[in-house]
Every structure is written in structure tokens, then in C-alpha cells.
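Across the two complexes that follow, subunit A remains constant while its partner is subunit B and subsequently subunit C.
Take a look at the complex of A and B:
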């Protein structure tokens, strides 16, 4: 049986369309942080508003999945749904800031940052478990070389080089992912 | 900087530069934290000195404040060891033109680790044999050894 986490977006969408509930759970899991990040970091919605938009986006995605012509375009499709729902949420709130200004503001650096963060996250998932672990420990958990050395039982003097090599692989992974994405017409 | 300047000759340079940036960012946060916990400890000590009466709750709070004040320099000592190790790596494998800069960075990091370990030691909450002091001294030692790898040949 194919691990759902390894399916491409297109295959995942295909499975969702057959009514596969596990595939749907995987889709939500795969993009929940992305949608939430657009709400909170891109549009700076409150946690409460972000939660409402989050629910609404995935409800709409579920109901309208048949209208998505190209399953590989799932991510930009979800991003568009989320942006529209965020703007609706802002328009219906008491904020005095014009929606057009918010939309223009969000269109600049924040969305690029979110896209980049998710591209990195996806690329990290393509690395070996050992690389994922050591990068997570150093960059996300702020562990020292000494702590990493003790917990993974590897010589402290090799940690920095190991991390550097894993970052090199991450770079290759990112470059590999960017090339087909640019050619897909998204 | 040494790693960034070594891109043409060292394929790990980008990864080393990224780690150096992460360490620098952590150092900025820890320096601010250190100032904050130091002020809190000073204030707590001042309050305790002004009140000689037995007060278990106050003493507990004072102990906690001093514990916090020891935790931050311990992290700084470990970060200093990491910075020195990274500088040593850059000095040994990076472009030789910048070896002196890497040596200077390693020496500064070792100095920072040593100062931080001293702050852990003098903290009133840390008794001899305390595991935090052992860790701080181990970091000081590791940082010193890393710096010596670059500095010894030119002594």
C-alpha cells in the first residue's frame, strides 16, 4: 500500500475524489500549516478569525475539489481560496483598513516568505531521517553541538560538518524542486 | 565571513555560514536575556537583604531567580563553544587568506565561553560539583581547545 505522505498532490487529489477519507486527512495535514500561515502571517488575522477561515477553506476545498482541473495545482488553488476568505474576513470585520490596501500589502513580501518557508519544509521532508533530525535539532530546537553529540552519540567535532553537508543536500533538493515547478505553468 | 569568502574552494562553506548566522542570532537573544535575568537577580538579592525576617516563600523566589540567572550564562558558554568549533573548522578548511580572521573569531568565542562559565561559577545558586558548572567548564574547555587549534601554530 502506498504511503499517503509520499503521494504527489495530483495523486492525492485523485484519491480524495474517490471518497478516500484517509487521503483527505493527508491533504489537510499537508496544507493545514500553509493555510494557517497565510491567515496569520500573511493577513495577520486574529487566532479566532484564522480558525474560522481555516475551517471555511477546507470545507470549500472539500466541496469544490471536483472543480480543480489540475490536481498538481492544489497548493496555489488552496492559497487562492485562503486569500479570498481572508479578505472576506477582513471586510466583514470592524477593521477600518481598506481591503484593497491589505491585499496589496500582503501581495509583497509576506506571501513570498510563506511560500519559501513551505518550500523549505517540503524539501526538508525529502532528506534522510538523519539529516532531518540533525537540522531540526540545531536550527529548530537550538541544541548545541555538545547536546546533539550526546543525544545522537556522534563525535562533537563532526557535527558542524554533518550539518553543513545536510544543508548542501537541502539546497540540491530545493533546486530540484524549483525547476519543475517553474516549468509547470503555475 | 570566512565561510562566505571560501565559496569557491570549500563546498561546505554555505552550510557553515548558515550555522554561523544561526549562532549569531542566538547570541543576540541570549545577551538580552542575560541582562534581564541579571537585573532580576540583583533586585531579588537587594530585596532579601532589606528583610532579615524568615520568609520561606521569599527565599524560594530568590533561589529560583538565581537559578534562572545561572541558566543563561550556561547557554552562552555552550554557544561560545559552538562558535569556536565553527571558527576552527572555517580556519582549517576555508580559504587560507582568511585564517587569521577565523583565529580571531575562535579566540573571541573562547573568551566569551570562559567569561560565561565564570558567571555560572560565581552565581550563588551554583555549588561546587553542580552539573551546570561541570557543563559550563566543559564548554569553556572545548572552546579553548578549538581556538588553540588555530592559534597554536603561529605562537
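Take a look at the complex of A and C:
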């Protein structure tokens, strides 16, 4: 975990506005999966369209960061930019489905699930580096036990139990976050 | 709202945010450098009439002659900027 990765979105945006290229790099790192998921999971764009939208969203974000009044609204701002660009891509492609129908479709379950996935990913960042790594390899990168065993130099027979343990910790982390603050004593 | 997270549900959510292709991420991270190239070209075009005319005549070729290979989005923005002024 780098110092930049612990910054809030508002602080990260502030640093980006000063021309800090490392802060920009962190912003892209933090939101690349989110933007990508909206493109390919939410709107089911082709790889070619998704790449165009992905680059366009970050280019626009970079060029217009000054116009974002509240840095803490970075995520919904990026989501909106991405949704608009996805709809543009669909409108300019040869699909016959009316764009309004696509927008209504995506507006419901898929986006909600992507938002929830992002919250889970934020919770993963609260786990140990080892847990973050193994969960990401197995679930997000779809690596086999064999590959994980080889790359992390750990016995293949222990991977399932390590994943289960890390999932348990993740669940505790999430349930801790979901508990009402009132009466928590913290 | 309190949610309970079963393993299967957590797995599904973790799978949802897959890494974007590394080359896409790298290109987006390099935007500040691309922007600097853009600003330098614009500044030079404003100061050097011959360079500016060459850019307007054939943007890609002029940039290639200068040894620049900016991203196509930067080229598009340059084209727009040159046509505005």
C-alpha cells in the first residue's frame, strides 16, 4: 500500500490539480476496474468500444478535473462520464436496440452490483497484503490454484483454506463497516 | 442497510471488478506526459509561424518529422485547437 493509496478522493483530486502525475496515476489505478466494469459488465461493450470509452473517460477526466467542484464526488462523476460515453458508443454503433432502452436496462441491477463490488474492493484494501493478493488472483484475475501456488510459492493444497480464511476476514471487515455507528462505542 | 455476505456472493462481487488490460491503464496513467507534449507543441505553434503552417497542412506528418508520436486523442485535440485559432 502506498501513501497515495490511503488518500481520500478529495485529497487525491487536490493533488492531481497541482499537476502531480503520481497522484493521477493513483487515481487511474483506483478507478480503472470500476470504469472497465461499467463498460464491459454494465453496458457489455465490445473490447474495441470499451477501450475507446475507457481512454476517453480518463482523458476527459484529466482535462476537466478543474470543473469537478467537490473532489469527494469523483466516483459518481466518473460513473456519469462513463455511462454517457458508453451510450454514445452504443448510439454510434450498428446496434438496433434503442439507446433509451439500454440506459434503462443498465440503470438498474448491473450498476447497483458494480457499486457493491466497488465497496467490497474497498474493504479488501483493509486486509493484509497476502489476503488482498490471493483474493485478487483467484477471483478477479481468475488464476488457478496451480498458478497461484507457482507464483506465490505456496503449497497448492493450502490455497483453498487460505482463500476461505481471507473471505472470512473480508466478511468481518464488511460487516464491521455495515454496523450502525450508533452504540458501537467507537 | 446491513448486508450479509455469503462466500458465494463475495466471490461473485470480487469477480465483477476485473483488472482492465494493463496497456489501457498505462495509457491513461501517461496522460500528464502526453499533455505536456501537447502544451509544448501548442506553445511552439503559437511562437513559430512556419511550424504552425506545417501542422495545419499535415498534422501527423509534421509531428512525425519532429519525432513526436502523440496519442490519437491528443492529435485530435491538437487538430481542434489549431482549427480554432
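By definition in this document, the second predicted complex is superposed on the first by the 125 of 186 C-alpha atoms of A that agree within 3 Å, B and C clash if a C-alpha of one lies under 4 Å from a C-alpha of the other, contacts with A are read in each partner's own complex, and residues count from 1 in each chain.
Just so we're on the same page, contacts are C-beta pairs under 8 Å (C-beta built on N, C-alpha and C of every residue); 3 or more make two chains touch, one makes a residue touch a chain.
Because the structure is a prediction, the values reported are computed rather than measured.
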item	value
Partner chain in contact with A:56 - subunit B first, subunit C second, else both or neither	second
Which superposed partner A:121 touches (first subunit B, second subunit C, both, neither)	second
Touching partner for A:156 - first (subunit B), second (subunit C), both, neither	first
Which of subunit B and subunit C A:18 touches, first, second, both or neither	neither
Touching partner for A:67 - first (subunit B), second (subunit C), both, neither	neither
Touch count on subunit A, higher of subunit B and subunit C	C
Which of subunit B and subunit C A:146 touches, first, second, both or neither	first
Subunit B versus subunit C as contact partner of A:167, first or second or both or neither	both
Overlapping contact positions on subunit A, where the subunit C interface meets the subunit B interface	139, 142, 164, 167, 171
Residues of subunit C that touch subunit A when the two form their complex	1-5, 7, 10-11, 13-21, 24-25, 27-29, 31-33, 35, 71, 73
Subunit A - residues contacting subunit C, complex	19, 21, 24-25, 28-29, 32-37, 41, 51, 54-56, 58-59, 62-63, 113-114, 116-118, 120-121, 124, 135-136, 139-142, 164, 167, 170-171, 174-175, 178-180
Touching residues (chain side subunit B, partner subunit A) in the complex	11-16, 18-19, 22, 26, 78-79, 81-82, 85-86, 89, 135, 138-139, 142
Subunit A - residues contacting subunit B, complex	138-139, 142, 144-147, 156-157, 159-161, 163-168, 171
